[in-house]
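A, B, C and D label the chains in the order they appear, each numbered from 1.
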Amino acid sequence: MADPMRVRATENGGIVDVKILMKHDMESGQRKDAAGKTIPAWFISTLNVKANGKDVLNGQFGPAVSKDPFLNFKYKGAKGDKIVVSWVDSKGDKRTDEATAS
Amino acid sequence: MNQQRRSVLKYSAIFGLMASAGLISVAQAQEWNKAAFEGKSLDEVFKILGAGSPDKSGAVTLNAPDIAENGAVVPVGITTSLKAEQMAILVEKNPSSLAAQFFIPAGTESFVTTRIKMGQTSNVYGLVKADGKWSMTVKEVKVTLGGCGG
Amino acid sequence: MKITHIKKLLTVSGFILATCLMQNTAMAQQKNDPKFNKMMTDSFRAEGIAGLDRIQQDETQKFCSDPVFAGSKQGEKMREKIQKMNMDLIKQPSDGKYIGDWKKGESIAQSGRGATWTDKADAAVGGGCYNCHQIDSKEISYGNIGPSLTGYGKLRGYSPEVITYTWNRINNSKAYNACSNMPRFAHFKLLNEQQIQDVMALLLDPASPVNQ
Amino acid sequence: MQRNLTLGLASGLLVVLLTVSSSVLAQKSATDDIAKYREMIADGNPSELYEAAGEELWKKPAGPKNATLEQCDLGLGPGVVKGAAAQLPRYFKDTNKVQDLESRLMTCMQNLQGRDPQEMVDAPFQQGPKKDMEAIVAYVVTLSKGDKIKVSTNHPKEKEMYELGKRAFNFQGGPMDFSCASCHAENGKRIRLQDLPNLVEQKGAALGWGYWPAYRVSSGQFWTMQQRLNDCYRQQRFPFPIYGSDVTIALSMYMAKTANGGTVETPGLKR
């Protein structure tokens, strides 16, 4: 099972600042193992963020996004908003975590 | 009502429930844009995104370092005074140009920051789609060799 | 008034500094410590090409592992002895050629790889020159443990004296400075004769980007 | 008395002047840009992901005794994690040894959970039991973030470890004649564009010791101090320092003691 994310959301003047750290190797498909064999690409491909059930961001990643991806964005919202972050990777693994805007 | 039709209905009801509960999301339903992420050149990706040859715009800012201490983690952010619907980050000299693409719903600021990998020093492109039209900005990021190198 | 006061004080502190230095004169090389030796042998294991023989120190390493003594007045005789010993180890090029291919030299200078326990025995060892030196000014990622070598030949000229000195210095830097931070590239067979010729070319071929 | 005070002030002024001028000289545009880069990545340290996993492991029963680590004594009493890492390495009466964080955690895993420490010693970094250790270390060191480094050499064994560490720091070996001091005994030095902390002075030691363990950007891994030292020795072309061995603890003692008074900034974020 995929490891949990860290989601932080802080409200300031009606704007919620969301910072997300995801635990994922984001294997590029460019690296070779010790035996010289190419390690196949494996990466988070799609990402969705909702606040109180409504989409606030959708993202698509390629294998060029860094290992343990970081994402920061802002939306119009309020303290107490329930933020749900979900991702799916190229092998179909998925993970969903939540946070409350403070 | 035949058996098959009934189970389809049942499934869609469950899917609807899961979606409203946030268990499955648009991202999961949304198809990953394979063609765009496998595009080898900037022009190829521009075409697949429907961006044609985007104009350079002073309204789009790419927030990236001049020098990255390590190509494995290069912080890149896009901001724009335009009302962005989509944003994309492209690296000219990466094996596949498109690094990430974002869809910005109404109510979300025209701002996103993430971190990308760069194989070598290259131009990095920040693209913004606003009012149905793509515009862009470009910045060179130098990737240095670091550490003892062993 | 203030200024003269401070001046006077600086003279005084200079005097104190000198006294401190003089107190350091009663010294000798650090003694063999069985406890330390045991710690070292118990703490390491051989891995890949990196055997335990690598912590068996030669005379140069032993001397330089006591930086206080090595840098002291008392250490001077020993310093000279070690420099001479290392100088005597240097071989001039077997084919009489000092200058090789600067392009190959540049890639040797760029590479910091080789000789670690994760490297294979036959893996090429880099010179790691940019780790410590500025060389071609176009390379912005350079270290500063050693002096800048940008414009090396252009500044010093291409005389036989400069060429021999540079050859010796790359082969065995300890011939000039007993405790130089620079590895002894020939002595430990890190670079072969041809590779050293190539690095020489990077510094001393008038066509090398270093001398533009 | 008055005279001594003024003397102190004057030489203090001199030191300040010297420091300012040398730092001005050391400024280069490339290193400035690197500083900007570091600032940009400082927000969002993936160490947090390891820390969260480590907290879970700390509280989860494991090993043959199916016990948690919650009663582990890291020097401030059983179960006290907050601030403990800031005072390590230290002498422990029960083992009659000076231990660093990782060797102490091995003792806790053995005594509380019945785990065999040799399995931990033998495991490669980032794999198997070491992976758990790394997460636990991330959790423990985060709970000392912001504390002052406060390591004692009052016990004779602590003092001895410090002296052994100082000697090991200067010990040259291998085919490149390197010791720790080759790179870490002068101010203002760099390898490529990476600043090298001068570990023989308080300020430099605090910059080194105070920022490790850290998430390492180049490998995308969380590195404990043991792994940091292990890779230093690899780059020094030495043989392999055994996990938790005395040389690693002695060097840690030397660095930590020199860094005393500095601030714990762990987990750090490094190249």
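Criterion: a residue touches a chain if its C-beta (ideal position, glycine included) is under 8 Å from a C-beta of that chain, and two chains touch if they have at least 3 such contacts.
Here the structure is a predicted model, which is why all the values come from computation and not from measurement.
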item	value
Chain at maximum distance from chain B, centres defined as averaged CA atoms	C
Between C-D and B-D, the pair joined by more C-beta contacts	C-D
Innermost chain, where centres are averages of C-alpha coordinates	D
Centre-to-centre distance between chain C and chain A (centres being mean Cα positions), rounded to whole Å	48
Whole-Å separation of chain centres (CA-atom averages), chain B against chain D	38
Between chain D and chain C, distance of the C-alpha-averaged centres to the nearest whole Å	28
For chain A paired with chain B, centre-to-centre distance based on mean C-alpha positions, whole Å	13
In chain C, residues with contacts to at least two other chains	115-116, 130-131, 140-141
Residue list for chain A, restricted to those that touch at least two other chains	66-67, 70, 72
Contacts with two or more other chains, residues of chain D listed in rising order	30, 191-193, 220, 234-235
Pairs of chains in contact (touch as defined earlier), listed by label	A-B, A-D, B-C, B-D, C-D
Residues on chain D engaged by chain B in the complex (per definition of touch)	30, 33-34, 36-38, 40-41, 191-194, 217-220, 234-235, 271
Touch list for chain D against partner chain A, complex	43-44, 46, 48-49, 52-53, 215, 220
Residues on chain C engaged by chain D in the complex (per definition of touch)	5-6, 9-10, 12-13, 30, 33, 35-36, 39-40, 42-47, 50-52, 54-57, 60-62, 64-67, 115-118, 130-132, 140-145, 174, 181, 183-184, 188-190
Complex contact set, residues of chain C against chain B	110-116, 119, 126, 128, 130-131, 140-141
Chain A partner contacts - residues on chain B that touch it in the complex	20, 22-28, 30, 32-33, 37, 72-74, 77, 91, 94-96, 98-105, 107-109, 111-119
